[in-house]
Amino acid sequence: MSVHNPLLRSEVLASRYDEVRAHTRSLIEGLSDEDCQLQSMADASPTKWHLAHTTWFFETFVLASLENPPPPFDPAFKVLFNSYYVGVGERHQRNERGLISRPSLKEVLEYRDVVDQQVRKAFAAGGFSDTLLALVELGLNHEQQHQELLLTDQKHHFACNPLWPAWRSSSRDQAPQAGRDQARQFARCEGGLVEIGHVGDGFSYDNEGPRHRVWLDPFEIQTRNVSNGDYLAFMAEGGYNRPELWLSDGWDELNKQGWQAPLYWRYRDGDWYSFTLHGEQAIDHEAPVTHLSFYEAEAYARWAGARLPTEAEWECAAASDLPLSGLFDEVWQWTNSAYLPYPRYQPAAGAVGEYNGKFMINQMVLRGSSLATPPGHARVSYRNFFPPQARWQFSGLRLARCI
Amino acid sequence: MSVHNPLLRSEVLASRYDEVRAHTRSLIEGLSDEDCQLQSMADASPTKWHLAHTTWFFETFVLASLENPPPPFDPAFKVLFNSYYVGVGERHQRNERGLISRPSLKEVLEYRDVVDQQVRKAFAAGGFSDTLLALVELGLNHEQQHQELLLTDQKHHFACNPLWPAWRSSSRDQAPQAGRDQARQFARCEGGLVEIGHVGDGFSYDNEGPRHRVWLDPFEIQTRNVSNGDYLAFMAEGGYNRPELWLSDGWDELNKQGWQAPLYWRYRDGDWYSFTLHGEQAIDHEAPVTHLSFYEAEAYARWAGARLPTEAEWECAAASDLPLSGLFDEVWQWTNSAYLPYPRYQPAAGAVGEYNGKFMINQMVLRGSSLATPPGHARVSYRNFFPPQARWQFSGLRLARCI
Amino acid sequence: MSVHNPLLRSEVLASRYDEVRAHTRSLIEGLSDEDCQLQSMADASPTKWHLAHTTWFFETFVLASLENPPPPFDPAFKVLFNSYYVGVGERHQRNERGLISRPSLKEVLEYRDVVDQQVRKAFAAGGFSDTLLALVELGLNHEQQHQELLLTDQKHHFACNPLWPAWRSSSRDQAPQAGRDQARQFARCEGGLVEIGHVGDGFSYDNEGPRHRVWLDPFEIQTRNVSNGDYLAFMAEGGYNRPELWLSDGWDELNKQGWQAPLYWRYRDGDWYSFTLHGEQAIDHEAPVTHLSFYEAEAYARWAGARLPTEAEWECAAASDLPLSGLFDEVWQWTNSAYLPYPRYQPAAGAVGEYNGKFMINQMVLRGSSLATPPGHARVSYRNFFPPQARWQFSGLRLARCI
Amino acid sequence: MSVHNPLLRSEVLASRYDEVRAHTRSLIEGLSDEDCQLQSMADASPTKWHLAHTTWFFETFVLASLENPPPPFDPAFKVLFNSYYVGVGERHQRNERGLISRPSLKEVLEYRDVVDQQVRKAFAAGGFSDTLLALVELGLNHEQQHQELLLTDQKHHFACNPLWPAWRSSSRDQAPQAGRDQARQFARCEGGLVEIGHVGDGFSYDNEGPRHRVWLDPFEIQTRNVSNGDYLAFMAEGGYNRPELWLSDGWDELNKQGWQAPLYWRYRDGDWYSFTLHGEQAIDHEAPVTHLSFYEAEAYARWAGARLPTEAEWECAAASDLPLSGLFDEVWQWTNSAYLPYPRYQPAAGAVGEYNGKFMINQMVLRGSSLATPPGHARVSYRNFFPPQARWQFSGLRLARCI
């Protein structure tokens, strides 16, 4: 958000606050109290927890910093809905979030309402300093991240029910990619001494900067994302049974987990189907393949005689005027870059400095955004990151190769 | 149930059916949909699952055997709510019962209503053969067992919430024992060649028979259950820190789990408190100690210079006219008997034969009944059983000693 | 050992000491320093450890109690070679015994020699009180137990080498059973109010007493042990694939471990072979089946329409004049009795009281003895015990049935 | 090795072969057969295995490719001593290498001798093509890597013995660093568009190339390695108890493992001591700190207000004429670079292509070399790599900072 006039900036943020918060609420339409309680693994939080934690963020980092802060909605929430901020104090165990039946969903929604009113009141009173406005903006971007997680987590929870229940009846998971009719082409990028990292006045996370120079040799990048049809060819050629295609850790993980297809895929009656938030659906050969681990994406690239792009290559290509489709809003695209700090990286001050920096190990960077990413959230410098074995995000790939 | 007239027997069972089923429903008063969804460990099932599984029992073993069986409420329930009956087919994984948000609690209660109507209709039509009446009776006893498990499981689920929510405000967990004013005395039992095992026409599980002879040397048995006050003395003398008091496996378990008090106990501000279904309560020194593992009960007995009774001693003493209090309705009492078949034991025919026999290993017998046992469910020959490390039942002890 | 004259008793024990200690040494002929170092699992100790620990027993419980005890061979051995005696102090971790390359085998054998000389010197000087003589006798029986464990452990260690090395070339593992030509018959035992438990002046462990009365209904017991041929019929009828034949815990263990045959069996070229201490050998159909867990023995019995005997039945039958073969020196025979204290059981005084009593949970009793049991070690009241999943002992079964 | 004349190249390699192989043999002086058998964790192989595996490399990749290859020493060794080369076939399980008592150490040394004779014979006959000479050279570098691993692994094995045995009496572990008297200074490096990666005709691993351009902003790098004294200051200021200093995964690992000091350190009688290959030694404050995980090195850097260098920074600084001491032969220096392929990286052809590339995930790069690295093995472009939690290598750090 690049608005220099403080008053205007406050107005714009107030309005955006309402939009983002309302969008979160819209996501739980069709979910029952019980649905919102589920936790299928430590990495995936209950929907109720997402609703509460995003609210906790505003209460803890914004409201509590006001000159006359409102009393906390419930003092116990401070621990219960802290995710990982050591600077804020104790936290409830991550893998036991699904055991919190009380507060109920109803109470959590009340919590949201009360905090929303308090935030709006502060907006109306002009009570937010520039620092607090920046934290509101961070909180809104934080909430948008949780909007996506809420969907991917809920999908994982539902998938553990042998009945494979549908969240809603409309179809959003398997949106065909824009470049469906595009041939499988590569576009050339000259590279050189380029700059990457966030630029301009708009919002960005601390991990997207500082903008800095990187040397890139010329390379080619695929004009669209790898499709289900492409990936089925890899499977048909024994991709999951040929150790020479895999990183050693990937091959171990494959065997440990019994992977033979992307997450949520099921073979029956001669065809592949997958579980989506809208129930079981036949695989669309033209749609981008998704729910791949880094290991699968990397093995696919090797099989295809190509490689994954680095994040600098991806950003350079995405920022240039190449005819690339599906960079955003389809699938997150694995890169072959480890999630590490940029040169001269400095975490934000205070507890929110724990947002990004402390996770810079054991994770690989994904670029772009997925169909579950809220509109307007991602940008070309955006760095998403997950461990190489993670499959429950909407994660796919596009290929690159040297020239 | 010892009623020989078939018509009368049917009438009595029909009436009992209504009572038992209604009692189950009464237990969930005060619980939300979310509360009923919780599963804190593989051994403890969600309340919703208990509600469904007990209904599944009648649908699968009784209604499906009618000459014109009603259609199944939902074919998917056959797998979803089977506990462990291999004879019935596949089962959903025990440790993932808490991930079933659909069917909802509302649907499960409908399931109960529909099955109840079908059972009542069959009663009214006189459609139950003697064999099916016996299965109805088994189903009611089965449901009563689950009534107790529902409470102990729900207690465990709630205890994982750091807020320690209360199920209801009344106080049932810490009922003072009848013999509160009784001195710590032992009663003498002559033993000899006695008979144990179920006798008479009333209902019993297959594992309570056949009645058979056992030789018992004379022994003494405590006239009341060990109290919290007694147990605090054991703790004060370092009971949890003296390996010589413990079985080797018990000492290992203690160290692995960090046991320093019975389950649900918490020390703060100079006193011991425990979590109950009615919230946190101060320890009542006169109430029987409960939530002990077999290991703790056995170590306590060694510390006290006594031992646990065998199940034959317990039954012999309980069936005699000794002045014993608290045999029933206080706490289950650990014995030093392994859960093994009686001589000439035969499992019941059909899939219900899996009810008891296949668990006759790695478990110790508890006798009596607890404050959570439904009225009229237990009897002197009743054999309860749990692994020696289990602590989430209302399990305590009374001492015995040789003469 | 029933010798009342103290002088004579000392002489007899001194001579027996030499025999038993020499027998242990004879067992390691053919083993290299490296062989004696192996530890394949926490339950199986290295041969070197057995050699040292049995010596530690004499040093700790006998020599250290002399009026003028010799200095310890090496003070560090006190911790290093203590198995589980809490009364003696700290112990080295059981699962890391295989990481002790120093002291070397050579030093451990020196340790044996030095302790042997000290014990002999004390014998010669008449320095052993009655109490110490009793501990010497216990130590010799203890060492005999470790002689058998040394063989079963070493077999397990070797089996983890894909080359399946042979200990020696002679053949001892698959000794044909005495009753090879005997029909599969049952002998009838009248039971009644019988006595079991050790009787007489000879040596016995504390867990074999006190002798006490037990009521037994009449029963039948197989005149020989179940053979490999018998067991192959069970396997041919799908024994390992039919859950209805198994205890619930047994079925879980079978699936977890992937059991499809007894331990050490391998199918190739149309026949079954097994690993023995003398290398791979074809299965002898007439030899008693061995390396079965309790679960397998129990499932076999159910398949055969019979059951396992209780330990009281076994002892009663073995002490009677029935035409039973293979009670001793073939395979340990699983019973359906849990390993629990006899009525009025008292552990021996002092640290040696930890020998037996503290393991009286989670184990099942085996009776008889195996081809690996040292001659003269077992007797009719002898109680061996292992957890129901243990398979690395020479464990088989004979059937029983009610009349 | 940069020798263009083939004949000369063969002669030089033949001579180097003898040296390297003899050096390996010299490392086991003072170790017993039992010492060489130890395996303390899956990551650390027995010394006997290192001796056999390095020989297997020559037999499998060199001798077997001769026109008239000699018969294999033992066909079973092909599987037994394969480390991870899928292209060569099956492998014995990594975590069970310590269970191979046969072949004995003596046989493995014979294996070495026989293969050495065969290699020498082929050298003498001029039988090695250029390709095979290259594989001999790779094999020698491979063996040198295992020389270092043999020492670090043997140190770990010995450390599991509570007696902390010494390998030899001389002192090599705690060599004081060259720059002991040097102040704690930083040297400035201008960076710019620099080249890194192997250059020239000498030997290098495939992962050190291709040489390529990298942009570096100016930075400073410490002129010597962080010392034990420096690290003790970090410990004294609560370094192990302040989560804000640690990466999230590092903090989790610290708590899981209970880290409170570098590996092998022990506090007693008011001072810190560490286990070395020469027994327990007092900590030398001036010696470089070692046996740190990446997490500890990274947390130390944050505490010190600095950071770890990237591998490009390290290489650029090391290749320049800065006054840096301890780059080599002291401790491996953790960098903040993930172990990933260089641009245009191509694995070597054939099974030896599995040497490096398939491990390019989940590891961090270390640069330099340690006191355990064989002389002449390392170079400025050398990339060592281990997972961030690994501590059993001689791993330390030097700091860097932005300008």
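So that you can tell them apart, the chains are marked A, B, C and D in the order they are listed, and the count of residues begins at 1 in each.
Just so we're on the same page, a contact is a pair of C-beta atoms (placed from the backbone, for glycine too) under 8 Å apart; a residue touches a chain by one contact, two chains touch by 3 or more.
To keep track of the chains, here are their UniProt names: A, B, C, D = Ergothioneine biosynthesis protein EgtB.
Predicted, not measured: the structure shown is a model, and the values here were computed from it.
> Moving step by step between touching chains, how few steps can get you from subunit B to subunit D?
Minimum step count, subunit B to subunit D: 2.
> What's the chain with its C-alpha centre farthest out from subunit B?
Looking at centroid distances, D is the chain farthest away.
> Quick one: subunit C and subunit D, Cα centre-to-centre, how many Å?
The computed centroid separation for subunit C versus subunit D comes out at 46 Å.
> For subunit B versus subunit C, what separation do you get between their C-alpha means, in angstrom?
Inter-chain centre distance comes to 37 Å.
> Could you tell me the distance, in whole angstrom, between the mean C-alpha positions of subunit A and subunit C?
Spacing between the chain centres: roughly 59 Å.
> Mind pulling the subunit C residues that touch 2 or more other chains?
Within subunit C, no residue touches at least two other chains.
> Touch graph across the chains, line, ring, star, complete or other?
ring
> Looking at the whole structure, which two-chain pairs count as touching?
A-B, A-D, B-C, C-D
> Name, in rising order, each residue of subunit B that touches subunit A in their complex.
Contact set of subunit B toward subunit A: 32-35, 37-38, 40, 76, 79-80, 92, 96, 98-102, 104-105, 157-158, 160-163, 165.
> Going by the contact rule set out above, which residues of subunit D touch subunit A in the complex?
It comes out as residues 84, 86-87, 193, 212-215, 217, 243-244, 246-250, 294-295, 298, 336-338, 340-341, 343-344, 358-362, 364, 388, 402.
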